[in-house]
Amino acid sequence: MKKEEGASVSIWSKAQSVRAEWLWLVTLVLIIVPLAVPPHVPFTVNQSTLRIYEYVKKLPDGSVIVSGGSGQWAFIYETSAAFMAFLTQIKNKDVKLIIFPLSTDSLMFEPWAVKVTGFDKVKEYGKDWVVLNYVPGGADITLPAFMTNIRGLCRTDVYGRPLDELPIFKTVNSYKDITLWVDCGANSIPSLARYVAPYKVPILGFVHSAYYGMFQPYIAAGQVYEMTNGIRGGGEYEKLVGYTPWNLGTVTMDSYQLYSIYILALVIIANIGTQMLKKEEKKQ
Amino acid sequence: MVSKVLYRTILPYVIFMICFVPVLSNYYFDVPILRSVETELRNWSTLIGLTAMFLGLANITIYYYREIKRRKHLEWQFGVYSIALTYAWIIYGLSQGGLTSPAYNEIYVFVKGHSEAAQIGLLTFFFVTAAFRTFRAKNMQALVLLIFAFIPFIGVAPWGEQIWSGWPAFSEWILGGITMAGSRAILIAASVGLVAMVVRIVLRYEKGGLIRG
Amino acid sequence: MINIWIPIGIAIAIATWSFLIKESPLFRWAERTFISAAIGHTVVVGVYTLRDRYYPITVQGQYLLLIPAALGYLYLFVLWRRGRWVASYPIAITMGVGLATQVRGTIDADFLGQTLGLIREGGRIVGSPPQTAFTNALTIIVTLFSLSYFLFTVRPKGAFGSVYDGMYKLGQYCLLASLGAMAGNYILGTGLAVTMATIIRIIFSLQGYG
């Protein structure tokens, strides 16, 4: 009896002190296996993603969409799935897209996303879409100026062409001409709620899962129309629009299937182990 | 001594107030001159902020130079590599036609993009260790935290809805209800805190970013 | 012709992940590459932004803007300990404009907007379907309890004091629930998505898609 008890204690205590490298190796296997053998796990589409899809579907012809967000390249990967699905959805609609990057990485990311989805192949640059230059100073300084006078803030596009020479800006100069604002930068929602929402411009956010809960008050207060929930939202949006060349959301959901079970199992083992070790210490 | 206080402390504060008051007032009072002053000040701020983009380069050059000077094994070699790569990147970027050129886009995506993504991707593995070592319900607070952590965690997982089809909707309800309410309280409290901080800066209880001489 | 940046990118990613085995010169090489690339990119963007920002001066003849252009260079004095006070001037301008904008935006969107949202939810308790009414009532209670946790000034005494103490304790749990849910939602998030993106990009690159 004592030997068995001793053996069970050592199992729990051994489990608590397993080396991190083994945990990481199992993690690597669990996320790579679904890439090699995709299980195509089914998942339902959330109401929030559906609302975004329906809203974009109903955009009238000639709508002007501003894509403005800040973020770092790596972090934007999480929201890239939803953003690329959005670009795929509007690709064949009669809409205009103005990319107004709020960070140096967004300046590279959003045009890259446009190329990956083939948006630039069906739309004419300067007439249907444009990439503005990055304006330093932060969202607090640039956004209020952008909303009231775009040509007053931005003088040239990213190619150095004056905005007056671009056909798209013949009819667009302020918040009155903007139909929709899309944030693909993952965490610019507070700035947009402060400086874009007061002008009654609807805002759609493709946000990090970390910020999805944190930014819910802006939806409840009516300042933001809706947001997608990180990579899961991206996967749902991809499902709604069909295949996108990126398909990161769908692929990640396959890997998350095993990864999440693994994490849950580890937490359960850790907690049971803690309680068992506590009991043994009390007995001793 | 008096003149030192004047140009190192008082004058920057006066400039701060000259910029602060019109921009704040323009929001609440419809006066045309305030509007044009605000527009001009914003243009000034963007021009000033432009130089901050080069500050990082100056800072890092000084840092790496000191590292090379210290001659510590392996560190000085990395210092040389870092400085050389930084300046080579700038020269390459400017000579290849800049941000829109395919050559620069390639190096950006494959070098900067991959290195940054790989760094952040390490989180995937660290989460696993964190989950195992720290997600323990040692008291009531930790238990509440864990329970509410695992509701959306399971809700987002595809297998969550296989167990119970209502789980994603329940998780959305938690995020849109309780999480929203807590975030709202944090937002309101933070906004009051920001206003209090600005009042302290205006009344000179805090120097804020204004550097003392 | 082989694109040389593809194998370099793959090597950087693998060198970064070698940190999981051991912190080594390989990881430090990848780390330094990232830092240098990030700073180099900021400077490249800065040079092209210069062209855009100096456009009113060079093309439109707005020479008054030469003043902030010159003031901006005073920022560099931050690096010199004895001359650091010189940087106060450009900082004062950007701080003045930035703080004023932030204050007005925060009061409007965060304070007033959220308070009005809370009041509107209260108005929607009566006459709404039971689930909506329950959700709205719950969010109001959770918000008020959580707010009581942030009262750092005068602590109520007497009868209301004990009510407040109860609200404070419950507010603690409400905030823990809220933060816990945010954390739980995050676990899927950035880490795994970015890892998958990196792996997919490596596979795409090896397949020649770039």
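Should a chain be cited, it is by its letter among A, B and C, assigned in written order, with residues numbered from 1 in that chain.
Following the convention adopted for this analysis, a contact is a pair of C-beta atoms (placed from the backbone, for glycine too) under 8 Å apart; a residue touches a chain by one contact, two chains touch by 3 or more.
Being a predicted model, the structure only gives us computed values, none of them experimental.
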Linking chains that touch, what shape results: line, ring, star, complete or other?
complete
If you average the CA coordinates per chain, which chain's centre is most distant from that of chain A?
B
Mind having a look at which chain is the central one, using mean CA positions?
C
In whole angstrom, the CA-centroid distance of chain A from chain B equals 17
Centre-of-Cα separation between chain C and chain A, whole angstrom:
14
Could you give the separation in Å between the centres of chain B and chain C, each centre being the mean of its C-alpha atoms?
5
Could you tell me which residues belong to chain A and also touch two or more other chains?
24, 31, 74-75, 77, 104, 107-108, 135-138, 141, 144, 158, 209, 212-214, 217, 220, 229-230, 232, 256, 259-260, 263
Per-residue overlap in chain B, given as positions that touch at least 2 other chains:
42-43, 45-46, 48-50, 52-53, 99, 108-109, 112-113, 116-117, 119-121, 124-125, 127, 131, 146, 150, 152-153, 156-157, 175-176, 179-180, 183-184, 186-187
For chain C, give me the residues that contact two or more of the other chains.
20, 41-42, 45-46, 48-49, 53, 56, 94, 97-98, 101-102, 106, 110, 114, 117, 139, 178, 181-182, 185, 187-188, 190, 192, 194-195, 197
In their shared complex, at which residues does chain A touch chain B?
18, 20, 23-24, 27-28, 31, 41-44, 46-48, 72-75, 77, 104, 107-108, 111-112, 135-138, 141-142, 144-145, 149, 152-153, 158-159, 209, 212-217, 219-220, 229-230, 232, 253, 256-257, 259-264, 266-267, 269-271, 274
Chain A-touching residues of chain C, taken from the complex the two chains share:
20-21, 41-42, 45-46, 48-49, 51-53, 55-56, 59, 94, 97-98, 101-102, 105-106, 108-110, 113-114, 116-117, 121, 139, 178, 181-182, 185-190, 192-197, 199-200, 203
Note which residues of chain C are touching chain B in the complex, please.
3, 5-6, 8-10, 12-13, 16-17, 19-20, 25, 28-50, 53, 56, 64-65, 67-69, 71-73, 75-76, 78-79, 84-85, 87-104, 106-107, 110-111, 114-115, 117-118, 135, 138-143, 146-147, 149-150, 171-185, 187-188, 190-192, 194-195, 197-198, 201-202, 205, 210
Footprint of chain C on chain A - complex, ascending
21, 24, 31-32, 35, 74-75, 77-78, 80-81, 104-105, 107-108, 133-138, 140-141, 144, 154-156, 158, 160, 162, 190-191, 193-195, 197-198, 208-210, 212-214, 217-218, 220-223, 229-232, 234, 248, 251-252, 255-256, 259-260, 263
Once bound in the complex, which stretches of chain B touch chain A?
39, 42-43, 45-46, 48-50, 52-53, 99-100, 105, 108-109, 112-113, 116-117, 119-121, 124-125, 127-129, 131-133, 135-138, 146, 150, 152-154, 156-159, 161, 165, 168-169, 172, 175-176, 179-180, 183-184, 186-187
